[in-house]
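As written, the chains take the letters A, B, C, D and E, and residue 1 is the first residue of each chain.
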Amino acid sequence: MAKLEAKNIVKYFDHDGQPLKALGGINFTVEEGDFVCLVGPSGCGKSTFLRIAAGLQKPDEGQILLDNRPITKTGPDRIMVFQEGALFPWLKVRDNVEFGLKIAGIPETERHQISDRYLDMMQLSKFANSYTYQLSTGMRQRVAIARALVMDPEILLMDEPFAALDAQTRDLLLVEMQMIWQKTKKTIIFVTHSISESTVLGNKVVVFTHRPSTIKKIIPIDHPRPRLAEDETLIQYQKEISALLRPEVKATEEKS
Amino acid sequence: LPPESNKNQIRVVFFANISHAAPIVGMENGYFSDQLGDTKIQSRVVDSGPAAIETLFANSADLAYVGPAPFVNGYVKSGGHGIKILSGAANNGASFVVQSDSEISKPSDLAGKKIAAPFVGNSQDVSLRNYLAENGLKPAEKGGNVIIYNIANAEITTIFSKKGIDAAWVPEPTATMLVENFGGKRLFQEQDIWPDKKFPSVLLVGRTEYVEKHPDIIKKWILANQKSIDWINQNPQQAESTFINFYKKHTGKTLNQNIVHTSFSTIEYTSKIDEKAISLFAQRAYSLGYLGRNGYNLDDIYANSMEIKQWQN
Amino acid sequence: MKVKSLAKKTAFYLAIIVVWQGLYSANIWPPSIFPSPYNVGQTLWYGAIDGSLWLGIGTSLWRLAAGFAIAAFGGIALGIFMARVQTVNETIGSIILGLQSIPSVAWAPLAIIWFGLTDAGIIFVTVAGALFAVTINTYTGVKSINPDYIAAAQNMGAKGEQLITKVLIPAAFPYLITGFKQGWAFGWRGVVGAELLFSFLGLGFLLNIGRQLSDVSQVLAMMLVIMIIGIVIDGLIFKRLEDKVMARWGLR
Amino acid sequence: MKVKSLAKKTAFYLAIIVVWQGLYSANIWPPSIFPSPYNVGQTLWYGAIDGSLWLGIGTSLWRLAAGFAIAAFGGIALGIFMARVQTVNETIGSIILGLQSIPSVAWAPLAIIWFGLTDAGIIFVTVAGALFAVTINTYTGVKSINPDYIAAAQNMGAKGEQLITKVLIPAAFPYLITGFKQGWAFGWRGVVGAELLFSFLGLGFLLNIGRQLSDVSQVLAMMLVIMIIGIVIDGLIFKRLEDKVMARWGLR
Amino acid sequence: MAKLEAKNIVKYFDHDGQPLKALGGINFTVEEGDFVCLVGPSGCGKSTFLRIAAGLQKPDEGQILLDNRPITKTGPDRIMVFQEGALFPWLKVRDNVEFGLKIAGIPETERHQISDRYLDMMQLSKFANSYTYQLSTGMRQRVAIARALVMDPEILLMDEPFAALDAQTRDLLLVEMQMIWQKTKKTIIFVTHSISESTVLGNKVVVFTHRPSTIKKIIPIDHPRPRLAEDETLIQYQKEISALLRPEVKATEEKS
């Protein structure tokens, strides 16, 4: 059964008084437990789509159905992980991770139990009392993921969470991400600009066109896990996606 | 910087109080300009004794009509050099007024009350604080329970009328105005609590440097001052309307004739100087801590040029 | 190095006192205009003994604290409101900038007429001095919050009051501190200015007494006290708060 | 968008006046405490006609200009001196920081005793308000000059006065402007505060008259004028100067 | 005859109260019209030496002789070009170039004649009225060189003037620099951390040891000009210098 269903999503933005059509009618379906990667040229509206799915923005036309009910507002059933993590610098690692629980009014001891579990999973236990500026970028991204998982969301929405990482850290997290997905059975929608990342992580890769964007193609990736960035068998997928994206990126560049 | 004092001009400050009728009438009737001839007169109305002394010290005035307390303060602060007494101008003319609906009838009722007097170091302020001290009361800034507001007469009127204060120790015409217009009750006139039932309230004082440089001008001024006092005493009614005119010119407000009349009747206009009372003021100011803590003396308070002396009583 | 610099400073302050005393002894100006350091010290000493100094300091500080507290709360609320609601910013915001350019003492006459000679009047002036600085800085601070912080918090369920206290205020805190620092400085100016004009207890009142009695020792003594309080509050409270927050944000 | 925002603003100001007039008409407070906008406008009108308003503005602005000029020159000189001579900084510098924390009105009693009720006294207060802000910013500015600029200039033969006017001052200019902006704001506070206390011509004096006559219209009218002057000076002079310099430095 | 002669230059700095010996006795000679490049590990004191030669700093021991007279103060006969150019942002390009002339009190028309010549030489005529922030980094460096040449110094002291440039701009300026030297016959002392740069530009390359530094070796480069960075024949020199520097750089790293 479809967990999440995008139906003809259209979104305009106001650019210096001119309307700019960012999303031109997005249609696709995400199954329960799916790991879907979204790729597309820069500025095509991937983040916008994610924010609409998170309920942080409203579409101008169409709707996204979650378990067949239209999404009207944001909620902890769909937690977003941001590119820079969006960790709160004024809170310690543990307090960052527990933020959503505290908002939900969960008492301290229970909060600690939950956060301990995820800090452990993310190998962050030793840093529970550190401030975020004391962590490396990779550790910070793990805190962000822990903060999301703690909420036990049905869907994880990840917006280029590994874009700021160096290659080694990213390769490590690619593996960890797959393990987390297998362990937690979450439905994940993952935006990335790295084609290789999308083939390593995704069950499906959704390719966006340039603005106003629609879905160009959905490519299922059938390959055993854990996959590594070096896996040669992924190259055929990567070539296909590359070929699909090339004209879109070009069109984007010409427009701007 | 302040203009140099010179032979061609004399600068004088006084208040818009009724006890200052001598300079006011003298100016209005032209006695000073008649006497001084070519010497230009610049007059300025100030708010309070301390302001007048300030002006003298700042070399922005040569003569001032002030109360004895500010004079003593200025005299002591300048080491006995800065200013000298030239003549008297008036006795009496201050009252202690309370809100008529207040329970105040004796000194002990003043505990916890708010009382106004014009400016710290002014004669009414000294009298008020001395009165409180004699009755065992302490002002709030010394940790006591009586709050004293030192503010200008105009503001005392406003705040009294809004019941922002319980009592005021003020000069005329403010005292009578509080009684007649704003529901005040005159608890007593200040002279009532003085040993001789009178006290000096206005003195003519001069900046020593000017006095010594221009004894001739000073002599003429003192003559005119006497003439003005005499005229007031001979024509009380005309003096009242002269004051009303002046007050209107200065503040834009018309004073009720009754008020002026009542005020006038409490004041004695004279150039005589009550030396004993001045030293009593000094003693009181000293015990209030206004004159420092190293003692004081009043040995040389009069302008000592012989020519001037003869015009003093 | 540090010892040397301290020695220099001590020597310099001693030199100031010596020169001051020298000028005094040289009798260039009369003592009524130019008192000796000893006179000033004596004034402070007597004020300390008879309690009027402590009373003055206490009164002024309490007014400052009350006014500052109101300004801080009000300023934060107003600033957040302006930052989050466009229309409020376009209307009230434009007035705030204007009000900020009114010297706080200029509020004193209005305060006297509206509140009379009361603590409330002086506190009003203090608030008028401090409020707008806190407001403007809060506004800037909230406007500069990384929008992802807000999105993330909302996504995790924060809204309304929780969003404000758990996200907007802590996220804008470095700016709030700048606002507090400016606000307290203006507020302190307001307290002293209002006390001078109201002449109703406090250090400004003691300063005014000095003026009206032509007592320069008193004036200088009170200025010294006002200066020391300024240095202490700035150095002990706000500097420390700033250092702490900056450290926590990883900015130092 | 811009038109909409302007419309909103206009509507808002009109609304303020309407509400104000409404409150006045409702007679909640007596007119002596709460005048109508019409009263205030009338006060301004009469002041403009009989010239007293222009005289007040002129007097205050001239004092501000004189005081600011002295503070600017003195502050730049002192700041450069402090930045270039370590000992001066360790001694005088530490005092300046303290003096900066004295509210400018607190200088007024001293100014009255020392200078009397004169322009000089008010200008003294203005200078005391503005000087230290200019000094401290100049100091910071000169300290932050890229040392290569100074080395290069010296290498090309610049020294003494030429080094100061052709290198140190222009190089530190962005900081000087910050100093000027702070300095003028404090100086303006000083002028108004001193005029209130001296009660000797100027806008502060007119404000004080309003106070003493309990004439709230006059008080509000003068506050309005003081506010407008503040906005105009800040917006027209200092904002423009800043924009220009920033553009030249390539910072905008 | 020796134009400039460094005699046992020793320089200490104060580091948190501890004396740090930067220069440990520098001895070498620069002939009239020489183009000398200084290379050495970072922090060995090359810039310090240059500043002492410029008279902007004083040595603690020893002295530098210019035409046999000891240098006591800075002067326009030895003009320094700084790494970032040290152009004055508050002046237009022309005013920057004319700065030294103005200080010297030369009247405007004459100033303009001189600056015109050098702006022309540096192909900057079109930018005479631009502010420096409007120029590219390479153009700015040319302004700095023009500003130095205008002073007609006997010696040009250049402190890594090309370090902030991208490769292409730098290659261009390397050729221009050689042309300027040949045209003007100036004596040039040129500090660089690029071994290839030193071999392209220098008649001699002076290799500094690590701190407290002395001269390790002076290598004459005999090769026709204009030389290019790609010249294969320069590689032998570069290898030699590399070999000389390697232990010095290592020693520097171990110390810190």
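Here is the rule we use: a residue touches a chain if its C-beta (ideal position, glycine included) is under 8 Å from a C-beta of that chain, and two chains touch if they have at least 3 such contacts.
Owing to the predicted nature of the structure, the values given are computational and were not obtained by experimental measurement.
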Self-check item: Chains in simultaneous contact with chain C and chain E
Solution: D
Quiz item: Which chain's C-alpha centroid is most distant from that of chain C?
Solution: E
Quiz item: To lay chain C over its twin chain D by CA atoms, how big a turn is needed, in degrees to the nearest 5?
Solution: 180
Quiz prompt | Farthest chain (mean CA position) relative to chain D | solution = A
Quiz prompt | Centroid spacing, where centroids are CA-atom means, of chain A and chain E in whole angstrom | solution = 52
Quiz item: Rounded to the nearest whole Å, what is the centre-to-centre distance of chain B and chain D, using the mean of the C-alpha atoms as each centre?
Solution: 38
Quiz item: chain E: which residues touch two or more other chains?
Solution: none
Self-check item: Multi-partner residues of chain C (at least 2 other chains)
Solution: 33, 112-113, 208, 211, 214
Quiz item: Where does chain B touch two or more other chains at once, residue-wise?
Solution: 54, 57, 155, 158
Self-check item: Every chain pair in contact, whichever chains are involved
Solution: A-C, B-C, B-D, C-D, D-E
Self-check item: Interfacial residue positions of chain C with respect to chain A in the complex
Solution: 146, 148-149, 151-158, 162, 166-167, 170-171, 173, 248-250
Quiz item: For chain B, which residues count as touching chain C in their complex?
Solution: 48, 50-51, 53-54, 57, 73-74, 77-79, 81-82, 114, 119-122, 140-143, 147, 149-151, 155, 158-159, 162, 164-165, 289-290, 292-293
Quiz item: So in the complex, which bits of chain D are touching chain B?
Solution: 112-113, 115-118, 120-121, 199, 211-214
Quiz prompt | Touching residues on chain C, where the partner in the complex is chain D | solution = 5, 8-9, 12, 33, 87, 90-92, 94, 97-99, 101-110, 112-114, 185, 188-189, 192-193, 196-197, 204, 207-208, 210-211, 214, 216, 219-220, 222-223, 226-228, 230-231, 234
Practice problem: Quick one: which bits of chain B touch chain D in the complex? Just the residue numbers, please. | Solution: 1-2, 47, 54-55, 57-60, 152, 154-155, 158, 251
